[in-house]
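You will see two complexes here that share subunit A, one where it goes with subunit B and one where it goes with subunit C.
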Partner chain A sequence: MKFLQAALTGMLLGGLHALMAAGLSLSWGVLRIINLTHFGLILLGAYLTFQIASSWHIDPILTLVVTVPVLFAAGALLQWGFDRLAVTELNSLLLSFGLLIIMVQAVSNLWTADFRQMAIDVNPYATGSLSVGRLVFPSTTLIAFALSVLLIGAGHQALQRTFIGRALRAFAMDRTVAAAFGIDHRRISILLAGIAGGSAAVAGMLFALSTALTPFTAFEWFGIVFAVVILGGIGNVVGTLLAGLLVGALSSLASVIHSPATEPFVVFSLIVVALLVRPQGLFARAGGH
Partner chain B sequence: MRTRPLCAILIAAALMAGAATGCEKKSATGSQPAAEPGGAAASAKPIVIGSTLSLSGAFAATGQIHKIAGEEFLDRLNQAGGLLGRKVVWTVRDDESDQAKVATLYEQLISQDKVDLLMGPYATPNILSAMAVAERHGYVLPQHTSVLAPLMKYPCQFPGWSFGFTPNEFVPGQLFDAMASLPRPPKKIAILTNQNGSTDFVSYGAGDNKKGFVSIARERGLEVVAEIKYPPGASTSWAPLATQVRDAKPDLVINSGLGIDPVNLLQAMAQLDYSPPLMFSLFPAPGPLIKLGPAADRFLSATIFEPDQAILDKLGPAATEIVKDFKRRATEAKLAYTAPETQAVASWNAWDILVSGVKAAGSVDNKAICDALHRQGADTTFSGHLTFDPAHNNFWPPTTSGLTQIQDGHWVSVWPAERAAAPIKPPPG
Partner chain C sequence: MRAGRSAFATGLWAFPLAAAGLAALSLYRESLGLPVAYLSLLTLVLVWTTQAASWNILSGFSGYFSFGQAAYVGTGAYATAVLYGRHGVSFYLTLLVAAGLCAVLALAIGGLAFRLRSLRGEIFALLTLAVPFILGALARTSRAIDGGQGVPLPVPSFPAQIGLFQDFLYLVGLGVAAGAVWTAFAIAHSRFGWALAAIRDAEPVAEGLGVATFRYKLLALVASAVIGGVGGSVFALYIGFVTVESVFNLNFPLFVIVMSVLGGRTHWLGPVIGAVLVVLLQNRLASSHFESFQLIVLGAILAVLVAVAPDGLTTEVRRRPWPVLGALSGTTLILWLARAPGQPLDWILVGMLVAAVVAVWPGRRRRALSIASAEPAAVAPSSPRPAASLPPASDPAAPPLAPAAPHRAPAAPANPAVLVDCRKVARYFGGVHALEDVTLRIHEGEIVGLVGPNGSGKTTLCSLLSGSLRPTRGHILVAGHDTRALAPHRVAHAGIARTYQIPRPFASMTVRDNVALAVMFGRVRRRLTQARARAEQHLEFVGLGHLAGALPSTLNLHQRQLLEIARALATEPKVLLLDEALAGLNPAEIDVAVEVVRRVHRAGTAIVIVEHLLRVVNQLATRVVVLDRGTVLADGEPRAVMSDPAVIRAYLGRSGARA
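For the complex of A and B:
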């Protein structure tokens, strides 16, 4: 029972990691931008959630009404900038890292480096849970899981079934040919980056539900999020979800079976093995990005 | 066609970076006196004290507390005429919570800025870095909060807090003594240790002294029903840890942890519909715990100071005034928790030690200050007269150390009984 509980809780938490990774994965896979500012947008989403929910005393989930459009616009604006500057894939790593540092410093100046946490009366999810027999599911991770399945599922369907989705996939495969067929790469890039920004708002809200915030947390997400992106296959949103669940469950099991100290060892050993066996990612078809 | 947007973005980025650096520069120039001291203090060359603080990075939440305490101390000092009749200026640089940067910045402060005196940085790893530089140049290093007492071998470093020369024995001993005083003392304990140097040391000791929470609990006949180590950092999944603790059914949970570790753990346990009868954490962030509401009631922590009215009454009006001013400054700085507690008072002690040394030496000669402190000790506002024995790495007897507990949404000193503002609230039922 202990292991089952650990695996399930880890999978639920993996939903949050998948949502954090999805925007980065799409940006990398489709737009060829390794957009580290995505971590800054998640951070901003978390702080905006804290600020709006604490100031207006509203349910933190409702803050998405404000944060999603704001971060959609921020994501789109950043992509517009990357596009105008003709940033290459490798250069994007350095440029977006610089921008991330500026964002983290700006958050620190606005909200200070001190811990910020929503009070329990504003955020009842922090200590809530759902029990099924002897299994207990924390509210925060349940919400994270549900939202990640919903949003990533919807994103996948949109990519598969809509004209814009097909255009994006064509653009990811061959930009020149896609352009020859009349696909306006600028518009769809900005739209995709905006959607990634919106997903960062949701991920930020979920993070703020579950813990106290400090500006420099953004740098601590790198390891787990990149692990999920690479294992899932760059640009593969469903793969990102599956990788998130796998990494979450394995980390959690490693923590219970041996020690929490072995979590990073397990996750990064898995990445090494995965890259040796399936360089395109565990859940991506060969020949992908 | 591309130049205009490119320029716009570069200008915007430069403006934002400017805002960030501007802010850093402000902290780099440090504390200027709020009012010019009169007479000689205003005309003589100022005494420059150099230090770094973690104003960004992992330790920044606590680094800010030390900055506020230092600025308040120096404002009061300068308003009272400065030191040796000279104004005191503090040059404080942001070490970004990076141990490597600490050493470089202290070298710069000494070699390039030619500061007269040093003040230590925050957090044990940073203090160890600064101590090596201070020793190389023969500077006195008062430091706020190093826990690894046996490693602090430089005879001219002076701690602003102290859990004795062997904190790995003292802290567990004090906690278990306090628990033994309860009507129904805990018998089964769970110990969760952050593998950070300081917290791991208090759980497992270091070098030849392997004593700590785990071994001392067993020596006292307590059953350690769960013993968990976890890595530092925000990526720790707390739910599996909470599950293990719940299944072990301890009477007391000891979290040898830092910052928001106990907040995350308590929250994860609450999500499992589990609340430990009693819980202790070594160095928690006080604000977020209070925000947890009833889930954190009865939570215990180590302390050297809580601004309880009874303690302030005993310390006198100056201490009350300092506490009030600190709260005002912390509110202005938008800190989540504005009361000066252990960290702020450790910082204040370190400044008191430096000033005592300079006054006793009658100069800013670092060797003379070091000798004077060994010879005469230091007078501090909050911890009284301190004496420094190099044989114990200057870690003074832990006469001000105790336990504090959250009771009805407030931190209250509860142990030892003679300095307690209230008795320990035992587990419900």
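For the complex of A and C:
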């Protein structure tokens, strides 16, 4: 029962990691930008939720009304800059690393480096939980999982069904040919980066619901989120979700069976194994390069 | 970079001189009136110089970015902290242990990562990012290493003449930093450095020309790790109390990347300049109570530089040294004479910053660039040289060409040797069957025309023959060796060279050095001076002798294609694969290229030419092989093959498809 609880809780948390990874994965796969500032946007989203909910005394989920547009604009603005500078994939890693450092330090200067958490009276979800038999799930985790799956599913549908989604996929496969067929790469990539920014706002809010915040968490996300991106297949949204669940379950099991310190081993050996066996990602469709 | 013997000889005396000068600062500190605080600051510069030089050997020279610098620092620091701090082993011995541990770590990372055929630079960067987290977690939980408490280090004993502990630390740091910079310098001036530069510019091409890329990358990683680890030991002594947070810290990759990018990552001196500037800047910011902005300033420097001057200061300064030096000394002098507020260090820092801005000032840089590129272009005739003006072949024994007659193999021996033997070769990409059941032999003295519609598998076959792809099924024997068992550079040494459909020159090297690199790493290893002389001959042979000193970016497509051929010839191949070497050329240029191909053939090299222009194939080929949808449709004498109904159908569309 202990293991089942661990695996299920891990999978629920994995949903949130998948949401964090999805924006990064799309940006990498479609826009060819490894956007480390995505972590900064998530961090900013979390702190904005904390700040707005605490000072206006409103439901933290309602803060999305403010944070999603703000981070949509921030993500779009950053992409506009990347596009103007025409950075290569590797340089985008360096450039966004520099920007991420600035963002983290700015957050630290604004909100201090101490742990910050919403008070119980503004966060109605902090203490609730759902029991199924002997299994217990905190409501924050359930909300995070449900919202993440919902958003990723919607994103996948949008990519498959809508005109812009198809244009994006065409753009990811071959930008020159896509451009020749009249796809305006600039508008479409700014839109995508904006949506990724919006998803960062949601992910940040979900984090602020359940966890105490500190600016340097942004760096701690690196490992698990990139594991999910690589395992899921770069640019593959559904793969990201499956990889998130897998990584979540496995690392949670590892920390129960052995100790929390073994988590990084599990995560990074998974990356290495995945790269060795299926460099295109565990859940990529067969037949692609 | 890599100016050759003379620069290396200069280094031989300049390095000891510089090191001795810096050592004298400590030994005569009191008579010079140098405050101890300045000495500590210099020690910090040396600590960071070591780390930046370490990072640059792998990431700057070979282009494989690492975010894992903290892994070496931490390993080295804990080797010293545990062995010396806890168990009282000699401090100097722990430096060796740190080096050994980091070498093993590097071999493990590189042995795994560089074996991945799909490894891309970005994936490597992210993999290395993971390593410090894993090691940090290990150190935190293991009581034998740290256990979460931190490990204090006592002051080691040292000869009394040295003076204070700060003096001792400075001298140790100086020794290690000098070793690190010397290593980077030596690498930059050796075959090793050339190999790394080729890997950075175009790795698959380098491998195809005979550079053992796996070995060189691994060697660079080990060198980088060893230096980083020894530097980590010194850092442990510098901080005196080692904790997981202080050594497995993301600041290490951040700082070394900023330093190297700022200073210039393709030059051995870059990290030194970057370290001096960044440490000084950090120190001044801290002492003027801007601690909380230190990281913001660093992040901003990194972001702005990547966008504005990705080559770094060293490159910019070398482009026009005098204005920069003038700005540095001028600003410092003015501030000193004007008795500006602050310390001398502040004045020097302001001078450096002004000099840095002068160095990367965009408007002037662009002008400097256009002058540099105009020079070779003025020498190069933009119109193609007519075939008649080609210099005579370097092989005087070659028989004169009979121009009118179609080219045929000159008196082929009755039983020509088989150079390449493909047996039932298949290659799949996922579900796509690019090649199926291809059986093909290439003999000495042949020119095989490989034709077929787009997507019929011609380029895939070229990649299989040159060893850069491996067959899914079947075998390819080159001079009797199965290519499955050979790394691509071994296939090159066995006698196969190829050109690329889209030319891929080494962008940072001159045309001459592009070819010289292939000579250096050929079947017979050659020294740089010899290689350059031979490279000139190969360039003359293809008619590019007049462009030897130009950079590839100034060449037109035709000249680049010829450079591809010269570079392939420099490996002294038995079989030369020309993958659409004439694509996109105008008729006059095609005639020149055809003439070059004939001369190569006359000199005794078998040729496989992939070409869409049937006129050219008819002119050149002694045999034609037609591929269609991954299988061999026809193979034989050109005239017979071209009149084969199946071939005509493949080219003109399938019967009944739309008729």
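One rule holds for everything that comes next: the second predicted complex is superposed on the first by the 285 of 289 C-alpha atoms of A that agree within 3 Å, B and C clash if a C-alpha of one lies under 4 Å from a C-alpha of the other, contacts with A are read in each partner's own complex, and residues count from 1 in each chain.
Everything that follows uses one rule, which is that a residue touches a chain if its C-beta (ideal position, glycine included) is under 8 Å from a C-beta of that chain, and two chains touch if they have at least 3 such contacts.
Predicted model, so just to flag it, every value in this text is computed and none were measured.
In the overlay built on the shared chain, the residue A:A18 is in contact with neither subunit B nor subunit C. Of the two partner chains, neither subunit B nor subunit C is touched by A:L44.
Touched residues of subunit A were counted for both subunit B and subunit C, and B has more of them. Shared-chain residue A:N109: touches subunit B and subunit C both. Contact with neither subunit B nor subunit C is seen for A:L159 once the two complexes are overlaid on the shared chain.
Contacts of A:F268 after superposition: subunit C is touched, whereas subunit B is not reached.
Of the two partner chains placed by the overlay, only subunit C lies in contact with A:L93; subunit B stays clear of it.
Look at A:I230: by the touch rule set out above, it reaches subunit C but stays clear of subunit B. Look at A:T217: by the touch rule set out above, it reaches subunit B but stays clear of subunit C. By the document's definition of touching, neither partner reaches A:A200: not subunit B, not subunit C. Common to the subunit B and subunit C interfaces on subunit A are residues 85, 98-99, 102, 105-106, 108-109, 223, 259, 261, 263-264.
Residue ranges of subunit A in contact with subunit B, taken from their complex: 2, 5-6, 9-10, 13, 80-81, 84-86, 98-99, 102, 105-106, 108-109, 111-121, 126-129, 131, 136, 138-141, 210-212, 214-217, 220-221, 223-224, 248, 251-253, 255-256, 259-261, 263-264.
Within the complex formed with subunit A, the residues of subunit B that make contact are 2, 5-6, 9, 13, 16-17, 19-20, 23, 55-58, 60-61, 63-64, 97, 195, 228-231, 233-237, 239-241, 243-244, 247, 259-260, 263-264, 267-268, 270-273, 285, 287-288, 291-295, 333-337. On the side of subunit A, the complex with subunit C involves touching residues 34, 85, 87, 89-91, 93-95, 97-102, 104-106, 108-109, 219, 222-223, 226, 230, 259, 261, 263-265, 267-268, 271-272, 275-276, 279-280, 286-289. Residues of subunit C touching subunit A in their complex: 63, 65, 112, 116-119, 121-123, 125-127, 129-131, 133-134, 137-138, 140-141, 250, 254, 257-258, 261, 292-293, 295-296, 298-303, 306-307, 310, 429-432.
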